[in-house]
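Labels A, B, C, D and E are assigned to the chains in the order they are written; within every chain, residues are numbered from 1.
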Amino acid sequence: MRKKKLRSAAEKINDAAGNLIEVPKNFIKQIKPGKKKKKKSSMKLGMPPGSMIHIGEQKVEKVKITLAEYDAAEEETCEINSVEEIEPYTDTPKVTWVNVCGLHETDFLKQIGEKFNIHPLVLEDILNTETRPKIEITDDYIFIVLKLLNYNPEDKSVESEQVSLILGNTFVFSFLEKNDSIFNPLRERIINQASRVRKSGCDFLFYALMDIIVDNYYLVLEKTDDDIDYLDDSLINNSGQIQIKEIHSLKRRLIALRRNTWPLRELFSQLIREDSKLINETTEPFLRDLLDHTIHVTESIDSFRETANTLMETYLSLSSNKMNEVMKVLTIIATIFIPLTFIVGIYGMNFQHMPELEWEWAYYGVWAIMIAVAVVMLLFFRRKKWL
Amino acid sequence: MRKKKLRSAAEKINDAAGNLIEVPKNFIKQIKPGKKKKKKSSMKLGMPPGSMIHIGEQKVEKVKITLAEYDAAEEETCEINSVEEIEPYTDTPKVTWVNVCGLHETDFLKQIGEKFNIHPLVLEDILNTETRPKIEITDDYIFIVLKLLNYNPEDKSVESEQVSLILGNTFVFSFLEKNDSIFNPLRERIINQASRVRKSGCDFLFYALMDIIVDNYYLVLEKTDDDIDYLDDSLINNSGQIQIKEIHSLKRRLIALRRNTWPLRELFSQLIREDSKLINETTEPFLRDLLDHTIHVTESIDSFRETANTLMETYLSLSSNKMNEVMKVLTIIATIFIPLTFIVGIYGMNFQHMPELEWEWAYYGVWAIMIAVAVVMLLFFRRKKWL
Amino acid sequence: MRKKKLRSAAEKINDAAGNLIEVPKNFIKQIKPGKKKKKKSSMKLGMPPGSMIHIGEQKVEKVKITLAEYDAAEEETCEINSVEEIEPYTDTPKVTWVNVCGLHETDFLKQIGEKFNIHPLVLEDILNTETRPKIEITDDYIFIVLKLLNYNPEDKSVESEQVSLILGNTFVFSFLEKNDSIFNPLRERIINQASRVRKSGCDFLFYALMDIIVDNYYLVLEKTDDDIDYLDDSLINNSGQIQIKEIHSLKRRLIALRRNTWPLRELFSQLIREDSKLINETTEPFLRDLLDHTIHVTESIDSFRETANTLMETYLSLSSNKMNEVMKVLTIIATIFIPLTFIVGIYGMNFQHMPELEWEWAYYGVWAIMIAVAVVMLLFFRRKKWL
Amino acid sequence: MRKKKLRSAAEKINDAAGNLIEVPKNFIKQIKPGKKKKKKSSMKLGMPPGSMIHIGEQKVEKVKITLAEYDAAEEETCEINSVEEIEPYTDTPKVTWVNVCGLHETDFLKQIGEKFNIHPLVLEDILNTETRPKIEITDDYIFIVLKLLNYNPEDKSVESEQVSLILGNTFVFSFLEKNDSIFNPLRERIINQASRVRKSGCDFLFYALMDIIVDNYYLVLEKTDDDIDYLDDSLINNSGQIQIKEIHSLKRRLIALRRNTWPLRELFSQLIREDSKLINETTEPFLRDLLDHTIHVTESIDSFRETANTLMETYLSLSSNKMNEVMKVLTIIATIFIPLTFIVGIYGMNFQHMPELEWEWAYYGVWAIMIAVAVVMLLFFRRKKWL
Amino acid sequence: MRKKKLRSAAEKINDAAGNLIEVPKNFIKQIKPGKKKKKKSSMKLGMPPGSMIHIGEQKVEKVKITLAEYDAAEEETCEINSVEEIEPYTDTPKVTWVNVCGLHETDFLKQIGEKFNIHPLVLEDILNTETRPKIEITDDYIFIVLKLLNYNPEDKSVESEQVSLILGNTFVFSFLEKNDSIFNPLRERIINQASRVRKSGCDFLFYALMDIIVDNYYLVLEKTDDDIDYLDDSLINNSGQIQIKEIHSLKRRLIALRRNTWPLRELFSQLIREDSKLINETTEPFLRDLLDHTIHVTESIDSFRETANTLMETYLSLSSNKMNEVMKVLTIIATIFIPLTFIVGIYGMNFQHMPELEWEWAYYGVWAIMIAVAVVMLLFFRRKKWL
């Protein structure tokens, strides 16, 4: 029922398409130089809902749109420039996949929305690259927002990129910010006539796209696992100031990973539960497999978080042990020599009446006393187990 | 069923309106000078439920009431002074929006309650600016209490202001404490005949008001994110006593943010779930979008809280590292020179019988011994990796 | 169904009233001098269930029983001494409120139980002042146990006192340990013919009693909030040993507060959910309001707990900062003067052959060397940012 | 339905009783000397399920079996030696209670299992004294495993002992490891003809046994509370190394307590929910009371755990404060005297050309300088608030 | 319904078996030398779902396949080499158990999948030894993935090995990586004609296999418990640097244990809940027993985790106590002797005009002053409770 409502709502609202805001292009440029992309989300304050503004960095120079159409028999791929070029493909029963790389040209998206009857709020979510992973299931299409994670080996950071997918009856749309190449293996599978994707429908393509994104998480997990092992090893062997900052950045990275992957569990559960007629029943085991992988990913992240906490604790403890060691050395040296220095100080005094100064064996006696004091001290430290 | 009960209960109780307490105006003034607004909540101890007393600071001099009436064709805005002036507007099928800025005049609210059949407990909640965010859905109206958050850049504090909204069949009431200007962009959209708000009903206006408040949270989030980044940067580069207090105040701010935003998730879920006939089905996708934003906000706050904890831990760890460094320098200097000072002290003694004093090369021998001691010490420290 | 069972069970069991244990009065006195009231709960080990023994301190000298009967027209209040005096009042359709202050006379309660058909386990719970907040809903009565919290400003402690309420068809019983005066404002409202309580039934009185207790929590919350603000202020300005103990006692207090208030959420939810015929539907909005207040209270306590944790962490961090400061001063002074002292020690040696001693400018040369050493040290500290 | 399945399963499996393993008696003895009872659980590796081996220490020399039979009119108690002696009692409609103290004779249990149609897995659980608290509800019997907790005041440890209860139609079996005397008060109540237990059926006896065990938890809670108060008091007044170990053992004890009591909440809830026909409806309020007590116990344990955490934190903080204090004293003394010692060292040098040595007031001048230095230092410390 | 879908999906997909990827054998070898098995999971990036690649170390030289067939009357065991050899056994009504030890020969598995109609994703999960514990229930078979845990006493590490089980109508398949011997006790029970396993069907064999794996967890738990006790004992008696690393590795091990066992609770619950027709009702009590054991295991692990946290805290606290002790000794010695050394320094000065030097009793006077200073210091320390 909820789906029906959304649908009819979408129909009604798209008639009033006049309120899609035309943001002048130099306005976008004005924002781009700002390094921190977060700055932009507040730009929309006071704007009406459904306003189509691209939130986030413009990551590619030019928007690149590729279209692939196939069924078990035939396959065709081309690059396109306008929405009109798509239309002839979508009317056929073949699977049509339109991939849009680059999100800063809002006009194109606006036309897609009009042609394929997509709700303006969905379009707004595609453009806002800070959208939380989410799903919208209607009678006409399924819309899902995921985050593609890229591990940057240089500074060990993880960048997230938003991927939005729309599954319709005879088409799949995918919207990315930058990394178009992630889908290349899938493109090769589409060209290979023997592959399962060629024998299946739009829903399987939809699954295959999501599967690539989730599989990519494993890469990030493995790199993170390596980093943890490295920190663990170097913690057990030696410890320096550089480590604490690494543990700190590891923890921050894990917080970000968790935030991007945790919502997927609920998303995929909902996708399986809702039993949309757009999803063929042969695709369901694959979706359940996808859910299992996602649960695996989130559980791994949680384990990593606990491990990172343990690393931090152990680091602090080792650090405190080192201090202890330093203090012991200082205390042993100071405690032995300070009294001795006092003793030699006594006989450095210049009083005219100091009987000891004239005794013949006094000097040797003082040495004896000093050695005795040092020995007593050392025994005391041994009893304390400091030596 | 619960809604029906509340409605009939409201009807019955309003007949007994005599027990609304008339608080003399100088009584209010008596309280106002107290800086801490929290002090006042206990004022109501022993008073009957539904007692209308304004709890909280009086933030504006004069209550300002504005009324806007519009439909797709016409639009009218005016400032009003009494409940009687509202009446002619509410009987028309047009959307009527009454915005009340300033809550200290309880008389006005009392009359609103009587005219529009609002339950006294609802009125009490509007006046008590420490009410937790809440929702009440009845057959006649939907009542919601939200917190508007304002970031104060000077002391990096966040002030919360209570906003209460009532959605009726042909009217929307909004009650604020101070920041009337927050709704200005909406006012402009109402004036613009092409906007969606003009083509929609009261429920869309109700949504638009809530949307503005939730959108404002993003501003606070961004500022907080900036503060976290600043703390993070300055933590990694250098550390001073000023930081710990900043982390502390950040954590306190996040506790307050969480408390004000977390209940909204449940509130908006309930609003969508209850399927009130006051909410048109075309507005539902917008409410779900609002819920998504709220979930995003709360998840961001939780991430920030974790990050703040990590910052605190890292701060403590860096602090402990610094101490370690300091101790090492002290230990190295003291451990090298204390024994040497002892040695020179020996030959400063004034014994008459000290054979070494007369040896010709004794002085140079002592130097040799001292250099040897120092070198041994330095090698020891190198082995300990302190140098 | 569960209610019916309890009722019939109660009927059957009360016939067997012979097993109510008659605890001799001097037995009670024997226990009272023990300061720690907790000691007594184990007294019941091995006793049959339903044994009526007063667990807890005897807080008042004499049990004081007051009875109020009223309807919209008439009102009567009196002090009574035996169960027989109550009977004539309970048969009338008017609201009868019996308040019992002091719990050590078990005979009275036993008679109440027999007359009004109260389950022995309910009576046992009333007497055991360490009962957890709980609710029992039967066909004949609703039994609820709450904790009244009193803030003691002297030692900043919070004392809890058990209040048990029984709502019957035409009567409300309330049982307190000591603070009878808490209900005085309600008594005044009952006397005032215009008040809502006079126009409503037993259920509203029942609500009003619970409302007073929950309102009282706000007082405790405000005092606690003040204490937190005080600690927070004094933490940011200066720190002493007294603080840690105050934070500690704050945390212990919050643990106790949480324990006493948290169960109320479930209690009041159940009361609203179960839809007992003893509760009039006009009273339901008030109960929901009560639930809202309770949720507010518990959320505030949880926020306070987090704040207390943050205070503790900040305290520890500041403490560690201070230590750092102290160590730096020590290290700077020691590191500068220990080498200098060594140098002057060298020329305090009494060797006969020390060429420097005879040089004319040697003394000034030593001064030059020492100043150079000190300057180098100071530059080193500056580079380390210790100065 | 689940109950029926278990029942029929039990019937089928008991026919195949041949696979109960006959463990030779000297095998048991072989294990006993091992102090750590945990060692034994792995003994069962590779054995078939339902293998009857006693896991745990043999705590009593000889198994003691007592039987009590009663109804409202008559009562008889005797000690028995074989399963055959039980049979005549169980056929009567009277309540039959068989208490088995000591679990190392598996033969007896095996015969019980055969006679009363008990599932082999139930028998295995009775013998395995490391079973988690659990419940099995079938049509023929209810089986429950609880832990009896004994506080050992000498080393402040808590020992847990397993108690298994089986409620049948006309009988109750109870199996303990050692502390037979815990049920003595109940035995006295059974002898007393006026007691409720005599007037009630097997289910009430079953309840009474569980009630005694849960009541015993209060004793442990009180002792633990006393220990916490003691630690709290001694923490606020003075602190020594002995404390940290006590807090540590308190925390470990609380972890164990929680583990043994927490599952009971679910157990008793299930017992009430399942509505077995073995439980009379007059007994239900008592079971609910039992559940309330259990919830109270677990909530108290959780509070204690939080308090223990707070104690630990406060301990650490006080410890760090002490260190601070120590460091301050060291720093003050060293910082004042090290420069002064340097000054006197200067004039202890033996240079031939030191003009100051010959000045008449030089000695007094040096004193003046030294006093000035000391005063400046003291003022510096005062400004730093170290004095 | 979900089961039916999966079944039909499996049927359809297996027809398209052509897309099972033939990985050349030397490809597998290429990976094997890599020590870290985690490295391999990312190998599958971009491959189609259902790709059969063995992920993980190749732990045995040669795949060993054993087959056992039995009913109550007969029993036969043999080693087999190809899928064709299995076929004649599976058509009989007897129980057929095929155990595969070693997973690197994907061909065999592929043929199994084709013959017994197993979904390719199931086959993929069997080969991927990093699969999370999971269950798949279809009409034709139940598939479960468990982790076998082996405690390595040498380095106190726990290795996990994946065990996959498939329960069909007349067969059970088990797939292991290495430790074939774990099932030997079960093999002996199968040979013993009197055992329950011989009298029961496939489902009981399926249960027995899972029971062995879960029983094995107890061994790991006991070893871990011993390690905790050892750490606890050595913590209370003495403390060294080696401990922190042991606590650290204990915590990491517990995180891994938890991750491998926690999902089993949900798995076994689902197995009981789903009420598959492959599971006989006499086997259900055994499955519930298995679930109980699993809950016991996970609760024990959680307790261990808390204990490990407490150990860490106590370790840190003891460590800090030691530091305190060290600092006290240093402070006492330094604070007593530094002022005395200053005093003797004064009279070591060489001023010509120092009246004290000529006083006859000056030397003794200085001694008196120094002793007085030392005594005052000692009294001060006593008051501070440092001695």
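The rule we apply is simple: a residue touches a chain if its C-beta (ideal position, glycine included) is under 8 Å from a C-beta of that chain, and two chains touch if they have at least 3 such contacts.
Note that the structure is a prediction, hence the values are computed from the model and not measured.
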item: Touching chain A and also chain D, the following chains; value: E
item: Intersection of contact partners for chain A and chain B; value: none
item: For chain A placed onto chain E, the superposition rotation in degrees, Cα atoms, nearest 5; value: 70
item: Distance between chain centroids, defined by C-alpha means - chain C, chain E (Å); value: 43
item: Computed distance of Cα centres, chain C from chain B, in Å; value: 26
item: Residue numbers of chain A (touch at least two other chains); value: 316, 320, 323, 327, 330, 334, 338, 341, 345, 348-350, 354
item: Arrangement of touching chains [line / ring / star / complete / other]; value: ring
item: Residue numbers on chain C that touch chain D, as the complex places them; value: 2, 5-6, 8-10, 12-13, 16, 18-19, 36, 38-39, 41-42, 44-50, 119, 121, 131-132, 134, 238, 241, 244-245, 247-248, 251-252, 255-256, 259, 263, 312, 315-316, 319-320, 322-323, 325-327, 329-330, 333-334, 337-338, 340-341, 344-345, 347-350, 354, 356-363, 366
item: Chain C-touching residues of chain D, taken from the complex the two chains share; value: 184-186, 189, 194-197, 199, 207-208, 211-212, 215-216, 218-219, 222, 225-226, 229, 232, 236, 281-286, 289, 292, 295-296, 299-300, 303, 306-307, 310, 313-314, 316-318, 320-321, 323-324, 327-328, 330-331, 334-335, 338-339, 341-342, 345-346, 348-354, 384-386
